[in-house]
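Data block below; observations after.
Naming follows writing order (A, B, C and D), and every chain is counted from residue 1.
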Amino acid sequence: MLGLNKKDASLLLMVAALVAFAPILLNPFPEASALAQFNAGYPDLMQRFVIFGIFAVGFNILFGLTGYLSFGHAAFLGAGSYAGVWMMKLLTVNVIPAILISTVVAGLFSILIGFISLRRSGIYFSILTLAFAQMSFALAASVLTPITGGETGLNLALDDPRILEGGNTTGNIPAPNFFGLEMGDSLQLNVAGWLWTFNVGYYLAGVVLIIAFYTAIRIFRSPFGLMLRAIKSNQHRLGFTGLNTRPYMLACFVISGMYAGLAGGLMVAMDPLAGAERMQWTASGEVVLMTILGGIGTLIGPVLGAGLIKYFENIFSKINSNLLHEWFAFLPDGLEDFVVTIIYPFVGKGWHLTLGLMFMGVIIFLPGGLVELGQRIRRVFSKKDANQHTKPAE
Amino acid sequence: MAKSNFTRRGVLKTGAVAGAGVALPTIFTASSASAYVNEPTGSSVTLGFNVPQTGPYADEGADELRAYMLAVEHLNGEGDGGMLNTFSSKALKGNGILGKKVEYVTGDTQTKPDAARASARSMIEKDGAVMITGGSSSGVAVAVQALCQEAGVIFMAGLTHSNDTTGKDKKANGFRHFFNSYMTGAALAPILANEYGTDRKAYHLTADYNWGYTTEEAVRTSTEAMGWETVAAVKTPLAQTDFSSYVAPVLSSGADVLVLNHYGGNMVNSLTSAVQFGLRASEANGKQFQIVVPLYSRLMAQGAGKNVAGIYGTTGWHWSLENRFGERYTGSNAFVQSFGQKYGFPPSQAAHTVYCQTLLYADACERAGTFNPCGVVEALEDFEFDGLGSGPTLYRGSDHQCFKDALVVKGKENPDSEFDLLEIVDVTPREALVYDPAIFGGELGSCNPGA
Amino acid sequence: MDQIVLQILNGLDKGSAYALIALGLTLIFGTLGVVNFAHGALFMLGAFCAVTLSRILSLSHTILDETKKDFLGNPLKVEVPYVKDWFGEAAGAAIIDWSVPLALLFTVPVMIGIGVIMERGLIKHFYKRPHADQILVTFGLAIVLQEIVKYYFGANQIPMNAPQAFFGSFDFGAMIGMDPGAVIYPYWRIIYFCFAAVLIAGVFAFLQFTTFGMVVRAGMADRETVGLLGINIDRRFTIMFGIAAAVAGLAGVMYTPINPPNYHMGMDFLVISFVVVVVGGMGSLPGAILAGLLLGVLESFASMRQVLEIMPGINQVVIYLAAIIILLTRPRGLMGRKGVMED
Amino acid sequence: MGILEVKDVGKRFGGLQALSDVHLNVMENTCHAIIGPNGAGKSTLLNCLIGKLIPDTGSVMFQGQSVLGRSPFEINQMGISRVFQTPEIFGDLTVMENMLIPILAKRDGAFEMNGWSKLASQKDVNEYAEKMLEDMNLVDKRNMHSASMSRGDKRRLEIAMCLSQDPSLLLLDEPTAGMARADTNNTIDLLKQIKEERDITIAIIEHDMHVVFSLADRITVLAQGTPLVEDTPENIKGHPKVKEAYLGETA
């Protein structure tokens, strides 16, 4: 299908199905139940899953294939975001031009940074990218305030020109839309206590994710992708095999940067504000963590890693002591307080602690990240399967 | 324990289980179902408290959260009622808001605009919050305010001091009770002139971001109007932790006052450096060298320890206000009492401002008779009130900024406890702080109910 | 001219802090081949050793002072440290006053212990793992350590004071024969600089002149061969990790009077210390020191207002700009060896 | 005229004159061995031939074109393939993938963003790779991780990778170093077979006389950075100078 082998095609179909049914799958608990706190099926978080998934998939094209660890990838996401907001300010609040320009600007920006940084390899490359990103962040937050909005961020204003629509100075700023369909619009479906929200913006981002994922598969499986993996494996040998690794690296870096820009464009399409801290090293570090957590060099890993980190950030940080008391109200009072006291440091303001423990736990017990977890589970099942049928080995 | 505050879900539980029998899928889009976003349909209403819980401002966020929980208690008729008893508007009856019990959800802004918006959106989209409040920086306040305007809910800003929040980035759905950079300058300058004379030469160190710019400008303008001269103004990176290279040249620059336009950790570190370099013990131009910190908070004073002794600045409110200046500030002591009884220490200015914001929002809903943001906006615009601990106060309609007295404080030489680090020098009456809303530009737009 | 001397002095002082942290980081890079993202957290733990000691020293009982009132109008509770009861008012106050220098003694065993536990319990299992795994696990560890500290000490900064004797500043310029009043510098920063110099010299001497250090240096160059010689290099590496942790911890203790510590201070230093290590050249201890001092001085110069008037915003980026220029002109940093962490 | 002409090459490292006055003429379709005791400058010479080092003096011409100053990939594209002392393969990849890389590199030149365009010819590439593996008896191991193969197999794979590009000149740097006797003999047989079957020039740097005398048509003896003598294996065997400098010690 679409030039993919069977395994890849089924992976793509699986991702497409997950994207399509996420609003249902991510809301496993009825709206009214106490566990509904763990539901993730609301537009903002679903959009974030998808957007950071794109970001991480793109990052993995660079890091997973070539082994070049960029510590400044957030700069491209930030540059894309700024470009997107400016497009919405100047031209139109239709999201398509914004997303396109984000990708292009991030691509240009990554040509510049990549051209210089790729002169070095290993940790020297990492530090060069980090330095560029930190410079971008520092300048965006301060000296470039007229262009970037500084620390408060760049957002839409009523008196923006919006050439295609004509600016208005009264009423409200028009919402970002896809040819009239507003990103914030949702269809809510209430079935027997479950509340499912099908959001326009989410599905737009979802479609983009599927396209991005398909492109990533094609890159992974192409001769180009093979050369990139060869760079990771033995760059020295590759030179003596007649290949100039520099343009390959640069192309890969730019593709990866454009993925980041695409993610940035989608981010401002969903929520039209671009802040400088999107470019900070912590943001670059986050995508590194997402990729490692999910499984470096695997196709689906980075998407899973992105999902897990964003889930923690958005769900665990919102659990407060009040909620805990409510959940454990069935316990006797003393025990209830005890249980809440035990759990409380790990949720709400302590969600970072849980995140840190999870990083350590995953990498200690699952060296291949979340994908390895999946593989192990599958192995357990297939073993069972084999036992049941008592198939001979081979 | 606080089992009484069931969230919306807890209450929905019975209703939904009963409704499940019907099991006919109901389809509605966000716009068709109600007159405004997240119209509370059950017996409760959900407020979203969005404060920094991680990062360097986590302790400030924690103090805000304490005040929010206290406010919710008082609104629901529990506890001693706090400032409900002294508030000039008597619309609130201690039975929730419009008869609906007040519930809340909490989130973590991380003091990052992106994270703050994510958290606010989850409150609006997932938890059905009808009002978002909180925050501990102007970047976050501006970002979340813009989001609330787009989403169609009310935003009651927490601690945000930049002129932009109700200046160039003001929004119809957003309101600020806290004071701003302009007011700091206006309040501080006369007292500085009085204490240090009118022929001072000032050296500014300014945090290189929006709040820093507006604060530097405000302090410069108002001190220069008093006759001060500005020798230099140097911008320092926001991420800077060691300010020694910025402080070192000050003494030989010909200045005799150092103004630190820094907040939070920036201020703690720059002030510590300035004291280390012996600025306060030095003389310049034949005068005692002085340091000024335009905006003080208790956490900053705690962080800088005894280095704050004798250093002037402004603050939005202080727990000793009513004791010092009497009845004009009625409500202060009521709030300090009920906060202190519950948590064992006095509230900070952040706690005070968010408590007031919660009460003001609730009161506006009562007076408007609806949670509809447009009704609330109308009720809050040009609302004149008293009894919330800051004296007579006006919520100006043209920019949604509160006008109330501002406090000039200085660090105590011999503090009695870690909460008693500042003493009030004087209070600048609100009349002296008024400015023309047009000077900062920006458009309020019109209220957005989201539907 | 005065300004330039002042900024060079300041840059060296700031740079010595960078160098000290980068030194420990390079030791771990070089000897163990581990990218330790938790190194900043070790620095932070050192600072909190000092906080803990000062808390222990000022453990108090409360007495009621009827003449004063607290914020609720009740009699004021005054805290009286036990040490004042035991050693008398003046001696007790002096002990509390000297808590930061005292913390140096307290910190060394604690940090070596933490370092050894970290290495044996966690890092050891990651020697053979890819650098990416090391980054994730040490970053996770750094977050956990930070959050634990935050849980007990709060997120706000905690003021720590140098002993009264070293408070304030003195005329450094006059000492070296310049005009009086030209270069005024705080005592404690000069002490910090000297302390850093002594500590760095100590580590170098240890590596240079002891057999232990010789083996470790040989191990840095070629781990397998040293292993083949029948030397238990692992145990030595454990000790090396402990030493690196202690160096970071001591740097943290001495830093507390300069900037009040908070749980996040390690992260603030993490990026800059990595830049310093890499600019210095991977695996080179002198390189790390040189780069630390160099970047410190550059940062100080960039913060001068005369410079900022010409190049606004240069203070925001100078370190990164310098790093880029150095890495582009010198492929392996200032003093890097070939083949270390290049792939 | 030779396919590879080295004239007057000299190279100095600090105080050490590693190479001086090196003249070498490798004739087409021969196997030319370069031997010499340790430290004679064999590896330095080789590195000069493949562009890793640039000599201080002299010229290196391949088929009439200078190779000096060119990067490794350009030299490869001129038709020189190199086999390393320790087999350099792509350890993380499978044997088949290893095989595909040089074929694709040859097809696409230095750089090609071939995501979609050349899919049609992908089948030919795969078939060719399959055939190469068959020739080298590696076809059973096609899906194996190449890093986990034996040293002999790695060497075969590396040679296969080089041959797949149809080079005019194959440079071998001590191809049997560190190998067991059986592996060494296999490698010799393989190289003999290659020599017979293909129009290829081989230049080999070797320590092991057994290998040299089994393969070489001509031999250059290098000592202290200078060529001592160049002749056929038979003549070299009895050459007194060589005996003195090199063989004397071993024979």
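Operating definition for what follows: a residue touches a chain if its C-beta (ideal position, glycine included) is under 8 Å from a C-beta of that chain, and two chains touch if they have at least 3 such contacts.
The structure displayed is predicted, hence computed values, not measured ones.
Peer 1: From chain C, what is the lowest number of touch steps before chain D is reached?
Peer 2: 2
Peer 1: Which chain is most remote from chain D in terms of Cα centres?
Peer 2: B
Peer 1: Distance-wise, how many Å sit between the C-alpha centres of chain B and chain C, to the nearest whole number?
Peer 2: Result: the chain centres lie 35 Å from each other.
Peer 1: Indicate the whole-number Å distance between the mean C-alpha point of chain A and the mean C-alpha point of chain B.
Peer 2: It comes to 33 Å between the two C-alpha centres.
Peer 1: Report the inter-centroid distance (CA atoms only) between chain A and chain D in whole Å.
Peer 2: 47
Peer 1: What are the residue numbers in chain B that touch two or more other chains?
Peer 2: 54, 58, 208, 235, 237, 239
Peer 1: Counting only residues that touch at least two other chains, what does the list for chain D look like?
Peer 2: There are none in chain D.
Peer 1: Which positions in chain C touch two or more other chains at once?
Peer 2: Answer for chain C, listing residues that touch two or more other chains: 312-313, 316.
Peer 1: What pattern do the touching chains form: line, ring, star, complete or other?
Peer 2: other
Peer 1: How do the chains pair up in terms of touching? List each pair.
Peer 2: Here the touching pairs of chains are A-B, A-C, A-D, B-C.
Peer 1: Note which residues of chain A are touching chain B in the complex, please.
Peer 2: My answer: residues 30-34, 36-37, 39, 42-45, 48, 138, 141-143, 145, 150-153, 155-159, 169-173, 175, 184-193, 197, 271-273, 275, 277-278, 313-314, 317-318, 320-323, 325-326, 329, 333, 336-337, 340, 348-349, 351-352.
Peer 1: Chain D touches which residues of chain A in the complex?
Peer 2: Interface residues on chain A, with respect to chain D: 3, 218-219, 222-224, 226-227, 229-230, 232-234, 236-245, 247-248, 251.
Peer 1: Report the residues of chain A in contact with chain C in the complex, numbered from low to high.
Peer 2: 63, 67, 69, 116, 119-124, 126-128, 130-132, 134-135, 138-139, 142-143, 235, 281, 285, 288-289, 292-293, 296, 345, 350, 352-353, 355-360, 362-364, 367
Peer 1: Using the touch rule from the top, collect the residues of chain B that touch chain A in their complex.
Peer 2: Residue list for chain B touching chain A: 1-3, 5-7, 9-10, 12-17, 19-20, 23, 25-31, 33, 53-54, 58, 61-62, 104-108, 112-115, 117-119, 121-123, 125-126, 138-139, 142-143, 146-147, 149-151, 162, 164, 169, 208-211, 213, 235, 237-239, 442-443, 445-446, 448.
Peer 1: Per the contact definition, I'd like the list of chain C residues that touch chain B in the complex.
Peer 2: 2-3, 6-7, 10-11, 13-14, 17, 68, 70-72, 76-78, 150, 154-161, 168-169, 181-182, 184-186, 188-189, 257-260, 262, 264-265, 268-269, 299-300, 303-305, 308, 312-313, 315-316
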